[in-house]
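Look for chain A in each of the two complexes below; its partner is chain B in the first and chain C in the second.
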Partner chain A sequence: MSETWIIIGGWLAAGLTIFLFSFLYKDNPFFKIAEHLYLGAGMGWLFQVSVTNVWIPKIWEPVSKGELLVIIPSIMGLSLLTQFIPKISWISRYGFTFMMGYGSGLAIPAGLSTDFMSQIEGTIKPFSLLASMSPFAIFNSALIAFGAICVLFYFFFSVEHKGHLKKVSNVGIYFLMIYFGAAFGNTVMARFSLLYGRFDDLYTFSGAKYLYATQFILTGMVIYFLVYALFAGRSKNAIKA
Partner chain B sequence: MLKEQLQKFSRIDRRWIFLLLAITLLVPIIKPIGLPNKTIAEATSRVYGNIEKLPAGSFVLFSLDYDPSTRPELHPMATALVRHAFSRNLRVGVVTYIAGSTGLIEELFARVSKEYNKSDGKDYVILPYMPNILAVMTQMSSDLYGIYTKDRNGIDVRGMPVMKGVKNYKDMSLIVCVTGTAILDYWVAFVGDKYSVPVAGGVTAISQPGYGPYLQTNQLKGLIGGMKGAAEYESLIKQPGKGTSGIDALNLAHLLVLALILTSNIILLIIKYL
Partner chain C sequence: MPNNTFRFIPFLFASVLAASPVFAAKSTLPPITGFTAGDMPYDSGSIALLAWDADAGGDTAAAVSPGTLYRVFVSSLETGGWIKAAEFPAGEKMSKNIELPFWAWKVQGNTHALKVELNNYFSGFKDGTVFYFKIAKVKGAAAIESEVVSSVTVSNWFRLDRLNNLILLIILIIVFFWAVFHARRKGLFIRRIAGLDAIDEAIGRATEMGKPIFYVPGIGSMSSISTIASAFILGEVSKKVAQYDSQIKVPHYDPIVMTVCKEVVKQSYMEAGRPDSYREDINQFVSADQFSYAASVDGMISREKPAACFYMGYFMAESLLLAEVGATSGAIQIAGTDVEHQLPFFFTACDYTLIGEELYAAGAYLSKEPMLLSALKVQDFGKLVVMVSVFFSMILVALGARFGWEGFVRGILHLFRNY
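And now, the complex of A and B:
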């Protein structure tokens, strides 16, 4: 890639990042431009990847070679598009039926095995190995089993939650709160990581190699907001007068 | 008087907090402080251990399913993992089920393969993006060439030295999925559990707590979580990268959040009880 294109790329990346961040101060046309460009570019990228990586090698090339069987799944896939034409939208049911049946057949046994049976086994299994476990591991396993039972009671609605059952389900709430707390803490860390990533790029684009893209665009945005505030103030005064 | 001032302070324009946060994150980028990253999670060590114990020449499949939206967290992680695999002379295969990840994968391998003098087709192969992940995973269990006949450049993969003796999951020593989506769940449920293939993962910090049950039951052989996890892995392979440099900023930002939470709670208590 030539040096000029790298600089243009840097200006584009820095500009779009600053335009999107500018929403934190106030909604503005630059944010709208970046927002729409993001959606358009994303869809464009997905379209070209789908055409070059899927449509050409999986449909066009086999059909050109005389492998006509691929036409059947292709037609089923295309049938989904009839959703957009109400009169013939019933045709899409054939495609959806296949997808539903195929998806359910794969997902239900795997889900039951992975998220249900294996988790029950994982909760109970340590109690068969108590003799070989350290006191801390025993405590850990007991805590997990206790927590799982309490949370399950909290989500069991066929019995009124009162008396001992209420106490158990209340303990379940505390376990859930601990999970939500951990999830929230991690979410904060993740958001900061993403922000750090953008700032790191902005710092990279602020170098002489990129002709100080970040500084110029940031200054431009500040000038825009100052001018906008000035004109907005004047028009308000004019209305009052 | 104090109460009124505090009430006024508690109604501060939140854009000041945004500015404070921006400064807190930007300062360590401009001038790194070098705060240490002393803790290494057991789940991260397990991923490292699983790659470390593989004999040279083993085939590891990387499912790199992230796009630019999660790049700061997951790209350093994937980079560290690929560096580790190359340093151990493992054969690397790459698949992706996210269309936006193809550019990032190209960038990663263009950079890291040069560091270890690895060549495309001989030491690693990048397979093209495929939609319908479940169909692909199912097909790969019997014959991966039924779905992947060519690499992302249109070259036939059957004749590549990197694919020698690799036909399905049984020929793979480890699968590592780096993703900001639920694709790791699919690898665990539809491949790891079903075909007894070791699966490890790298995920965003947001998703990390949800994978605890899989780690406890050993359905997941290890997990790297967020930028912190990336920094941990970089420490383990002794190659500091973007994950490690981000720790300064993360630590300072977390301290700022703690300070803000404490300050706002103290202010609220004073307003309520004084």
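And now, the complex of A and C:
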């Protein structure tokens, strides 16, 4: 790749990053440019992924080799597009029905196994090692089982939560909040690492190698906002006058 | 000379026999007995099950001699082409170690049992293909081989090991039909859910302010349970929007979800008696790329300044991006998702948040439809089963472990194992 293209890439990356960050100030034309470019690029990328990862290997190539059975699911998939033609939109129901049917068939047994059976087993299994467990490990296992029951009770909709039942439900909420707090901290840390990544890139693009892309773009935007604020203020005063 | 010859013959005979590995093995290692190969039950036809006696080989836990190994060989030919499939110390891989529940597997005393995944060594074989197996028992330089046995593998239609799942499913189906019957006759009780009572308030606010309502169904596909729940809630929300003659906008990530939601909204407008108010652009496709979708919806919210935002469905990293912009635009926000690690972001940025199951309950709570109410009752029944099972099993397993009732404890764990 030539040096010019690397510089252009740097300016583009720095520019789009700063344009998107500018939304923190307010909605503005730079953000709109980045937003629409992102939208278009995202759709274009997904389209080529669909063509190269789905259409060619899963339909075109098998049909070319004489595996004609793939035509049946392809037609069912295409039937969904009939939604756009009101007169024949009923055809799409066949595709939808099939999708809902196989989706349920896949999801129900898997859900029963993983969300139901495994959860019970996972909660009670530690007690099978009771003889070799330390007092703290026993307390830990009992606490998890107690928390699981209380949290489940919070999501029990068939009885009114009042009196002693409300207390059990409230304990469930405390367990939930402890989890949510931990999850929040964990995710925020992950987001910060993404932010550092963007700042690191902006720092890289601020170097002489990229002709000070970050500084120029930032300065340009600040000038734009100042001029805009000045003119917007003047036009407001003119209207008031 | 004759004397020398007489002395030399037994020496020669002994030397030849000692050099033979078979003899050497026989002299130190007992023979492998009861070696059989068969099809592994309840599988897709790619696993063979080998078994042989442990007692005869001196493999009981107490009698395992250190350094004794078993080597298992597999071939598609009877006479050669052997591939080593496993190697393990004597005393391991016993019948009791096969992970099948007690109703689908009978533990054979002191018997070795080994599953051989044929897919790892052969490809493209079909049901009925014959495979050959032999095992060698090795200790130091001594070795002894079993006879060659053969087996075919077949795929099974029924998985007896998952009988617990089937029974539970049947019970849930029976409870569902019982609940439908009762819901149609006299209705079913659902406790109050705070977040849902705020929906009327949010729609009323939007109507008074003359501003639109944004309903964001998330980035899940139609197979996601939270997206299905979201579609039910959208139906009720859009019915109220139609009744109040307010405006609603539903930006979509998934074209299939959009198609379903279009039907849902159209139906709601018709049920509200306002088919004339329905517009095709209520549901609009934005992008199937997560962050470009988030950026675009953020742009819409910041420009149109909606009075109320609903975020119901499956959300990932875009949850805070959306909810934060909605909060800064001054909208009343109600969110709901079953993605537990995104819920904290909704808590911080929204006025009301439906947590997990509350989202599933919302459709039934709002519509009072017998079918949805019944589904909710089945969920409650499932939760009751889990609570009761955890409570009693915990006590029984602890007692079993305390008093050394190994079989009893294993039996209880098998009841809830995911095979």
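We take it that the second predicted complex is superposed on the first by the 240 of 241 C-alpha atoms of A that agree within 3 Å, B and C clash if a C-alpha of one lies under 4 Å from a C-alpha of the other, contacts with A are read in each partner's own complex, and residues count from 1 in each chain.
Heads up, the rule we're going with is that a residue touches a chain if its C-beta (ideal position, glycine included) is under 8 Å from a C-beta of that chain, and two chains touch if they have at least 3 such contacts.
Source: prediction; values computed, not measured.
Student: In the superposed arrangement, does A:P29 touch chain B (first), chain C (second), both or neither?
Tutor: neither
Student: Which partner does A:S118 reach: the first (chain B), the second (chain C), both, or neither?
Tutor: A:S118: touches chain B and chain C.
Student: After lining up the shared chain so the two structures overlap, which partner does A:V54 touch, if you call chain B first and chain C second: first, second, both or neither?
Tutor: In the superposition, A:V54 touches chain B alone.
Student: Does chain B (first) or chain C (second) touch A:M43, or do both, or does neither?
Tutor: So A:M43 only meets chain C here.
Student: Could you say whether A:L195 touches chain B, chain C, both of them, or neither, answering first, second, both or neither?
Tutor: first
Student: Which of the two partners, first being chain B and second being chain C, lies in contact with A:F155: first, second, both, or neither?
Tutor: Only chain C; A:F155 stays clear of chain B.
Student: Between chain B (first) and chain C (second), which does A:M100 come into contact with in this model arrangement: first, second, both, or neither?
Tutor: Only chain C is touched by A:M100; chain B is not.
Student: If you stack the two complexes on chain A, which partner ends up touching A:Y203: first (chain B), second (chain C), both, or neither?
Tutor: It touches chain B, and chain C stays clear.
Student: Check whether chain B or chain C contacts more residues of chain A in the superposed model.
Tutor: For chain A, the partner with the higher number of touched residues is C.
Student: Tell me which partner A:I108 touches in the superposition: chain B (first), chain C (second), both or neither.
Tutor: Second partner only, chain C.
Student: Between chain B and chain C, which residues of chain A are contacted by each of them?
Tutor: 42, 45-46, 103, 106-107, 113-114, 118-119, 121, 179, 183, 186-187
Student: Name, in rising order, each residue of chain C that touches chain A in their complex.
Tutor: Residue positions touching the partner: 162, 164-165, 168-169, 188-193, 222-223, 225, 255-256, 259-260, 262, 286-289, 291-293, 295-296, 298-299, 302-303, 317, 340-345, 347-348, 355-358, 361, 365, 376-377, 379-380, 382-384, 386-387, 389-391, 393-394, 397-398, 400-402, 404, 409, 412-413, 416-419.
Student: Name, in rising order, each residue of chain A that touches chain B in their complex.
Tutor: Residue list for chain A touching chain B: 24-25, 42, 45-46, 49-50, 53-54, 57, 102-103, 106-107, 110-111, 113-115, 118-119, 121-122, 144, 179, 182-183, 186-190, 192-200, 203.
Student: Help me check something: in the complex, which residues belonging to chain A touch chain C?
Tutor: Where chain A meets chain C, its residues are 20, 23, 27, 31-32, 34-35, 38-39, 41-43, 45-46, 80, 83, 92, 96, 99-100, 103, 106-109, 112-114, 116-121, 123-125, 127-131, 142, 145, 148-149, 152-153, 155-161, 176, 179-181, 183-184, 186-187, 191.
Student: Quick check: in the complex, which residue numbers of chain B touch chain A?
Tutor: Going by the criterion above, the answer is residues 15, 18, 21-22, 25-26, 29-30, 69-73, 99-100, 102, 128-131, 134-135, 138, 149-150, 152, 154, 188-190, 193-194, 204-206, 208-210, 213, 216-217, 219, 225-228, 242, 245-246, 249-250, 253-254, 257.
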